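Here it is, the structure, as structure tokens.
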């Protein structure tokens, strides 16, 4: 009897590739973004099939959810701020398209040949991680890798996020003066019910991370969704006077993480070497603060500009638009 | 196969049928409001039946609670989103007419 | 046919599609999408490297790496999109 | 049971992939989005079933996140376009 | 607290960046204090490396392969000294060029972005783990793009976006390479890479990582993003981008090919050929450039090509020595190019344009900046006794010893071309024939003239100290030579 799960895997694989192609070739940019979001959800499903629920969570929440919202916001901006002399995209000749497809196919074949020759289920860190788990302070291997064994990488990852928000604030500035969108009473009921529920789910994901899939990044992304909804519905409008608090929130996670890493050297330890009896507390503390930073930063990346009053001249195009 | 598994399997299969119906509706119905109608049926009922089936098979009470929560979220979110999409489409239609 | 083989080839194909898209796409937003495809493709390869045939648990290290990669990618995407928006506003100003 | 559930998964996936034709055809943005919404719900259903097939209760949390974020993306779209174009 | 210099070198700029961002009004003061602290940490590290050869810190107490270790040897320290030294001087220059309330916003964002960039670069020079290197190059990429678009002009934003695309793509190619390495051998640290059996997956991994790095370091023909990005940034940002940032990917390339050697002689020759392409193509473009900053940016393309020729000068067997020539050229170019961009920025500020054709002995002659430009050109052309000369000489010596005369020929042609394009500028500085107003004395020296002058003098004067520099970068055997 044919294993139906293999058929499912094959169908899912074909669907992932087909959606990738479709999001590159569809003319309508909005359709391309929707297809991309569906592609992200399908990839997350595929990663579930590969027993990687943590990654599936992160991809669904950050790679697809937040990224999708960012893309939609940018598309909306590009479409509403009209350009008179917008350059028409040149039609791509058939020959070029075929050449591209051929190049793509060859590249895939070459890389796949190298992939097929590599050992699978092969060498890795399984045993090393299993050995060290008991002294890592947490029970979930992925969290142990992220916050203990390779904590330096994770610190630098939140540094990347910090660099992004600084760069974005530097690139764009302005206040949103558009009125709140009319979303109706059903929405208000939904917001009242959902916003607290999302906060609970985000916190739950953070808390469950020490023993099961979840953790700071997934929790932070879910909490960022609250920020997105607040910004979109204008329940919260960023003001210039909020900048100080926002800056502190952006650096909170990175700062605490780096400070703990240095402070533990007090007892003659290496940086990041958490004393065993406090490891769990310290990791939870770091994760909690990092979660706050991630949530605020992702929401700020969505808002996309430093909330500062613009001089008159630039106010015409810089200030007026969405979110 | 235990009777419980049989019942669960039947519920899940029935749920899948609703999803198929929803897809057909979204593809074939003439305008967006009809399509939304088909969509909400698939959402609410299809997922509800699948959730019920999986809930019967689930081992722990914790899992059952989470399955129920998932279903509840989807129903509320889907109802609101359908409403918002319908509002949006209606506004669009009005604006284009005027 | 095991999931790792199927999804390994999938990931490679997705990376190749993204790479070609990033090189040839004209639309600025589309190029961001293309790069995002590349990152998902690379994620596939790492996750496949972590896969062990059940009931063995997968190797957690690549999972952690991919999560890091996802967060890095959303940061980069956000900066690229901010540049696109700002540039579009300025170009619209020039047209006016 | 596993291969029966696997069959259901195949049927579900095939069905919603068919629904994606709506994303191409449109005509309006709302139509495209609706197909995506159907897709999100089906993905949640598939995750529920997978949690059983793969014996991974953690997938229920993934399903919860899917459900919430699909909603957020949709609201993002509607709220952005409700603000509309400059007339 | 038992601090070690390795950690401090990365963490000092990180804390500085955060403080400068949170307290924007004190950004400049915090920035300078941070630079001083980082400089002290680098000096401390240098003395330790001088005493012990190589030092390392396993972070978290976890030894690789499970954990990540920081490691410094002579080459790392040389790169750190270059980065902090050039960085400190450029920072001083930035202090002057961003002064005034009109530039308050530039000042406020320059410091956190630059300090994050420094964090990323220092992290690269101490890293021993390929995935960690991926994260570090992303830190560099985002901070560098932020600096590129600091001026906010359309040209800068357009160039910044292109730079962003190239940067992300390069990093993702590198990441896929990391994936293939993991697939084949399940290792991420440098030590784990040594002695891996040759296999299709490892060759693919190497190819992906090298292409990604070449894109990031802008080796011909992957240089397309560099000239406009470097030419359109504000002067201090250009100096940092051209002098330092491209070197990070170059350094990773040098390190990586030690642990994962290029499998074939042909590939070494190919790298050299691309370098030759960069020297010739970049030279032609520099000869044709209309704007001063564009000319300087194209000269960076040329110099990157030259460094890759140095790498390939004696083929595969010569690599154990060739890296030293490459390293010398990296150091020489870092100091000289930063000086040149800063002085070009000064010239543009003073005379209000940087059109090469219109350069002349205008009444408002920024004499010192022009003098500095000429000094930097001496090192870039490679006249004795500059460090650039020593680097080029060492390149040609090795190529001649190995009988690879074609590399000598390309280098000579490249040198002639560089004389040509820098003369265009120098001739402009000295032109009397088009001067309409009587030539006045220069306006006095600004503080901003000092940092580029020091950098240019350094690029020339360090040539006299080439022998100690060479013996220092060999400390800790960066390229696995047996003692």
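So that you can tell them apart, the chains are marked A, B, C, D and E in the order they are listed, and the count of residues begins at 1 in each.
In this text, a contact is a pair of C-beta atoms (placed from the backbone, for glycine too) under 8 Å apart; a residue touches a chain by one contact, two chains touch by 3 or more.
Just so we're clear, the structure is a prediction, and the values are computed from it rather than from any experiment.
The minimum number of touch steps separating chain A from chain E is 1. The interface with the largest number of contacting C-beta pairs joins chains A-C.
Averaging C-alpha coordinates per chain and comparing to chain B, the farthest chain turns out to be E.
Centroid analysis (C-alpha atoms only) places E farthest from chain A. In whole angstrom, the spacing between the mean C-alpha positions of chain A and chain B is 27.
Work out the mean CA point of chain A and of chain D, and you get 18 Å between them. Centre-to-centre, using mean CA coordinates, chain B is 10 Å away from chain D. Remark: chain D and chain E have CA centroids separated by 47 Å (rounded to whole angstrom). Within chain B, residues 73, 77, 80, 84, 87 each touch two or more of the remaining chains. Annotation for chain E: residues touching 2 or more other chains are 131, 135, 138, 142, 145-146, 149, 157, 180, 182-183, 186.
Shared contact sites, meaning residues of chain D that touch two or more other chains, fall at 4-5, 33, 35, 54, 61, 64, 68, 71, 75, 78, 81-82. Pairwise, the chains that make contact are A-B, A-C, A-D, A-E, B-D, C-E.
Contact residues on chain E toward chain A in their complex (touch as defined above): 1-4, 7, 11, 14-15, 17-18, 21-22, 24, 57-62, 65-68, 109, 112-113, 116, 119-120, 123, 129, 131-132, 135-136, 138-139, 142-143, 145-146, 149-150, 152, 157, 180, 182-187, 199-201, 203-204. Residue ranges on chain A touching chain D, taken from their complex, read 1, 3-5, 7-8, 11-12, 15, 19, 22, 26, 28, 30-31, 34-35, 37-38, 41-42, 44-45, 48-49, 51, 53, 56-57, 60-61, 64-65, 68-69, 72-73, 76, 79-80, 82, 178-179, 181-183, 187, 194, 197-198, 201, 204-205, 208, 212-214, 218, 222, 225, 228-229, 232-233, 320, 322-323. Taken in their complex, chain E has these residues touching chain C: 131, 134-135, 138, 141-142, 145-146, 149, 154, 157-158, 160-161, 164-165, 167-169, 172-173, 175-176, 178-180, 182-183, 186, 188. Only residues 110-111, 113-115, 117-120, 122-125, 128-129, 132, 148-153, 156-157, 159-160, 162-164, 166-167, 169-171, 244, 247-248, 250-251, 254-255, 258, 261-263, 265-266, 268-274 of chain A touch chain E when the two sit together in their complex. Touching chain B in their complex are the following residues of chain A: 183-184, 186-187, 190, 193-194, 197.
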